[in-house]
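Pasting the structures here.
In the two complexes that follow, chain A is the common piece, with chain B as its partner first and chain C second.
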Partner chain A sequence: MADTVIKALMLDKIQMDGKSILIIQHSDGSPFLHSLLTQSARQGRKIVLVSFSHSVGYYHNVGTRLGWNLNNLLSKNQVVFIGGLQALKDSFRFQNSSNPFDFLFNSNTCPLQTLLFSIKEVISNWGEQPFSLVIDELDCLFSLGVKTSHVVNFFQQCHSLVQLNSKGSLIISMGVTSTDKENIQCSTLLSHWSDLVLTEKGLQTGKSKDLTGSLIVNWNISPSTEQQFHFKCYDRGIKMFAPGTAVL
Partner chain B sequence: MILKDILSQPPVSTLIQDSCSLKGRPLFLSLICHYSENGYSIRYFKYDSPLSSEASEMEQLKLSWKTCIVDGNEDMVSVENSWISEIKNGNVLIAIDSLSPLLLNWTVGEVASALKNLQKTTTASVIALVHGDVHDKHNLQTLNYIFPCHLTVRRAQGCNICSGIWRKTSGKITDSEEHYSITDKWELKDVKEFIETQSAVVTDSLPKSAVPKSTFKLGLNAREEKARSQVVLPYIRKQNESSSETSKGKIIYEVEAPDWDDEDPDDDLEI
Partner chain C sequence: MAVNVQISSFQKRTKISTTSIAGTKISALNSTLNVSSGIISLDNIMDGGFPLGSLCLIEEDLFGPYAKIMTKYFLAEGAVQKNHLLSASLNENPWDLLNNLPSPVTEPIRETNALIENKEELKIAWRYENLTLEDNNQRTGNAFDLSIPYAIPETQRSNLAVWCGESTRNVQENKGTLRNPNCLSLLSTVKEAIEKWDLASGNSSNLLRVTVSSFGSPFWKFDGNQESVSTDFTATLLLLKSMMRSANAVAVVTIPHQLLSKALVGRSRKIADVVIQLKSLREDPHLSDLMDVHGILEMKKMMNLTSLKPILGQDGTTTYGFKATKRKFKIEVAHWQQNKLHLPPSVEDDKSTSENSSSAGCSSGSSKTNLDF
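On to the complex of A and B.
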């Protein structure tokens, strides 16, 4: 079922090398990030997965349902996981300046610099191989006290990393709530800078047994297009529908 | 028509405001391309993170550029100095793409002050892009005071629309709404005044028939209407019999025979 998402977004025909994808979630959890992770794993791309709120076990469990084994890829060094939860726990015990989350105990003018260096180091070790830099729930940084300007700066640095290496792609997910102005400001600005923007929302009328929500797809590369889909989440993937065709 | 006027004159400091629904960058680049072809030297400052397609666009325009990632460690003065240092002789146009990252790192006052200093100390004009949906109205309003010409792009009725306000040096303020399109060679074409056609206003009037639309036959044909009009209602007949004068709100009460029960209600009690 991950294939239906890739086909609906035309990512089987459009090369994402050197491009960026932004997923804006108005509801909890992004099933589309996992579909894109599955595609990257199946294509044999190297993956740097940065997560601030989930453990590696979570991604492994979801990946298993979608047909790929994260632990296996970790052991082969095809995937590198930079996990916030473990690093946050360690950062309070060992206040190490090489910890990617040193900004929590060390007030820095550039809080995310160490995290960026960690990512750069992993990518440089891979040389010219195609890779995907995946950052899940970038909005968690606001909860950790990082300012909007630093988050935007971090995105720009990651974006330039991916563009320098013509075979890299950047996939970022951000949760947005209507009351959080900082979040909305950041996600709107990043929407201007991303080649593909997926905006995922629940249904306006509430819950439905036939549908989980709606997805708006915006391509910022010429010719710019906007499409809307409805989708339904299952245990083993997502089904996409044109609006109004879910019950057909 | 502001778009046509600014193309026919030397460059004026212009702010282009866009949103996610319609990007202002094509208009921004077409204006730069036009001034470049007319002999102006362009100094392009790229503060936005570029899309993958922008590298080929800039090659096509033969503009040299370098992405500047704004860092909070710098101060606005160093950014201002980087603009001024590029102005070595006359006929220079500073192109800033865009002001949004600067507004995140510094206050609108600092950014506006730097732009004002640039315009005062040099003869260069500035064309800047700003993403209107990222910033609040107060910040955008402040920037409007710095730029004499303000263009807002939006999408309406399937066309690209540019709403412009131009405060000329003589004090006259002109405003217009134009639709435009941009060719593959970054030329502005089809610039025409835009007149928004409003949908036909339906006057609020009572429907001729108050019968709701239904699959059931709720209405009456002419014969049934006539028969209904000939029905005399019983209370109307009674009213006419009781008084010859037209009564207004009179209650007619007929005393009925009293309904007294002679039986003792407590008769069944064995007291």
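On to the complex of A and C.
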């Protein structure tokens, strides 16, 4: 069932190497990020997974429902996990300067530098192999006290990493709420630089039995189109519908 | 001479013994361990309670009395189950909270003989003749009485800990982005409690219940003004979540959301795993038509930690009415009809008026029957 997302977005036919995908989430959970992760895992690409507010266990659990085993891939070094709740906790306990969250406790002019260096190190070790750099919930950095300018710089660095190495693709997700100006500004800015923007929202009129939400797909490269889908999340995947056909 | 020869490679699989943790129930939906919240009807909505390792946010009603009642129930359930408790508060003395917990009420045993009336001989299923019908819907849980304070036995006193804002001498002047001394002190207290009771090793059979009352009130000295959103607030919530996730612990944080900026509340909702919003009737003049309830409880978020499927909103309901009396905290499904809130007629027997009534209203607009002309 996880394939339906990929087929609907036509990502099985379009090569995403050297390109970037931005997912803007208005609701919780990140079903599309997980689907894209599943696709990268199935294609055998190396993955760098950067997370700020979830643990490895969460990605593993959702991944097993979608059909791939994260722990297995971690042990084979196909996937490298950076950050996560464990690192956050360790940054409080140990105050180690190689921890990406150490900027919370020790002064640092460039808070995301450690994180960026660890990502670069992992990618340079892989050389010419195809990889995906997946960053989940970039807006958590605002919650941790990082300024917008640093976050945008970080994004630009990641973007250039992926463009230099033409076999890499960048997938970033950002959660926004309508009352948070900083988040909205940042996500609008990033959406101009990304090649594919997926905006995921709940339904305007409230919750429904048949649907979880609606997805708007914007391609910034040719053909520049905009499409809308409705989707419903199941235990084992997501089903995508054209608007209005969910009840059929 | 008898030789023990192993003929086949068949080995009987012995049941792997998992240490069961006091006060938790395995959820049928997604096999996480859920910690009871102390309120039976809330547990029914949440499929057993708060997931173990989660951070739960309660957005307080105006002035916070019902939120305080909910934290008391949560701690009281922990006291009954002999869990470790950590109460943190700057608004009041946390020992007051711990010494005035409601005591459990043992309900009278109800007779279950009225379920089968059929005493005739069973002709086909005669093997089942002598068995009694079990009521599978009976949920076990504790009811609490707020008027009688629970005297925690002396042996359990060592399970309690508090934090009341004293600045510990170990906390140095912090140079990073997280500067608020209250937050740092709270986080170190939580960390020490987890280490002291050895809850992060995976071998413990007990859990820690942490409650933080009125996090974000002016006592906490967050210096964010309305323009800039306070990042110490959200950073502390994230760090607290990371500590809960890696230990047998659950944290319930109540926030006075009317005092905080909307952006900050939005961010905290993104961080927390479970968000419950309470609204008492005084706040909203439209709701004063309701005679029966004391307020509205909305489940704003319930994060599924093991799969993509959303737990809430399966039938379109996330708004419930609650009624808090001295002996019961009852939560019922609310009907929305033409801007007026209707509740199912209250019946003597409160066990049957919980969530069985359907609530298809105008907010869930895709039910097929609405299109019948």
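Assume the second predicted complex is superposed on the first by the 248 of 248 C-alpha atoms of A that agree within 3 Å, B and C clash if a C-alpha of one lies under 4 Å from a C-alpha of the other, contacts with A are read in each partner's own complex, and residues count from 1 in each chain.
The definition used in the following text is that contacts are C-beta pairs under 8 Å (C-beta built on N, C-alpha and C of every residue); 3 or more make two chains touch, one makes a residue touch a chain.
Being a predicted model, the structure only gives us computed values, none of them experimental.
Colleague: Between chain B and chain C, positioned on chain A by superposition, is the outcome a clash or a fit?
Modeller: fit
Colleague: For A:163 in the superposed arrangement: first (chain B), second (chain C), both or neither?
Modeller: first
Colleague: Between chain B and chain C, which makes contact with more of the residues in chain A?
Modeller: Larger number of chain A residues touched: C.
Colleague: Using the touch definition from the top, say if A:148 reaches chain B (first), chain C (second), both or neither.
Modeller: Only chain B; A:148 stays clear of chain C.
Colleague: Kindly classify A:238 by the partners it touches after superposition: chain B alone (first), chain C alone (second), both, or neither?
Modeller: Only chain C; A:238 stays clear of chain B.
Colleague: Just chain B (first), just chain C (second), both, or neither: which does A:117 touch?
Modeller: Touch status of A:117: no partner.
Colleague: Using the superposed model, give me the angle at chain A's CA centre between the CA centres of chain B and chain C, as a multiple of 10 °.
Modeller: Between the chain B and chain C centres, as viewed from chain A, the angle is 100 degrees.
Colleague: What is the contact status of A:61 with respect to chain B (first) and chain C (second): first, second, both, or neither?
Modeller: In the superposition, A:61 contacts chain C only.
Colleague: After the superposition, what is the least C-alpha distance between chain B and chain C in whole angstrom?
Modeller: 11
Colleague: In their complex, what parts of chain C are in touch with chain A?
Modeller: Answer in residue numbers: 174-178, 187, 191, 229, 231-232, 234-235, 237-239, 241-243, 245-246, 262-263, 265-267, 269-271, 301, 303-310, 312-316, 318, 363-368.
Colleague: Which of the residues in chain A come into contact with chain B in the complex?
Modeller: Per the stated touch rule, the residues are 18-20, 109-110, 147-150, 152-153, 155-157, 159-160, 163, 185, 188-189, 191-195, 197, 218, 220-222, 224.
Colleague: Would you pull the chain B residues touching chain A in the complex into a rising list?
Modeller: Contacts found on chain B: 20, 23, 48-53, 67, 69-73, 100-101, 104-105, 131, 133-135.
Colleague: Provide the residue numbers of chain A that touch chain C in the complex, in ascending order.
Modeller: That would be residues 28-29, 31, 34, 52-53, 55, 58, 61-62, 65-66, 85-86, 88-89, 92-93, 102-108, 111, 137, 139-140, 142-146, 175, 177-183, 205-212, 233-238, 246-247 of chain A.
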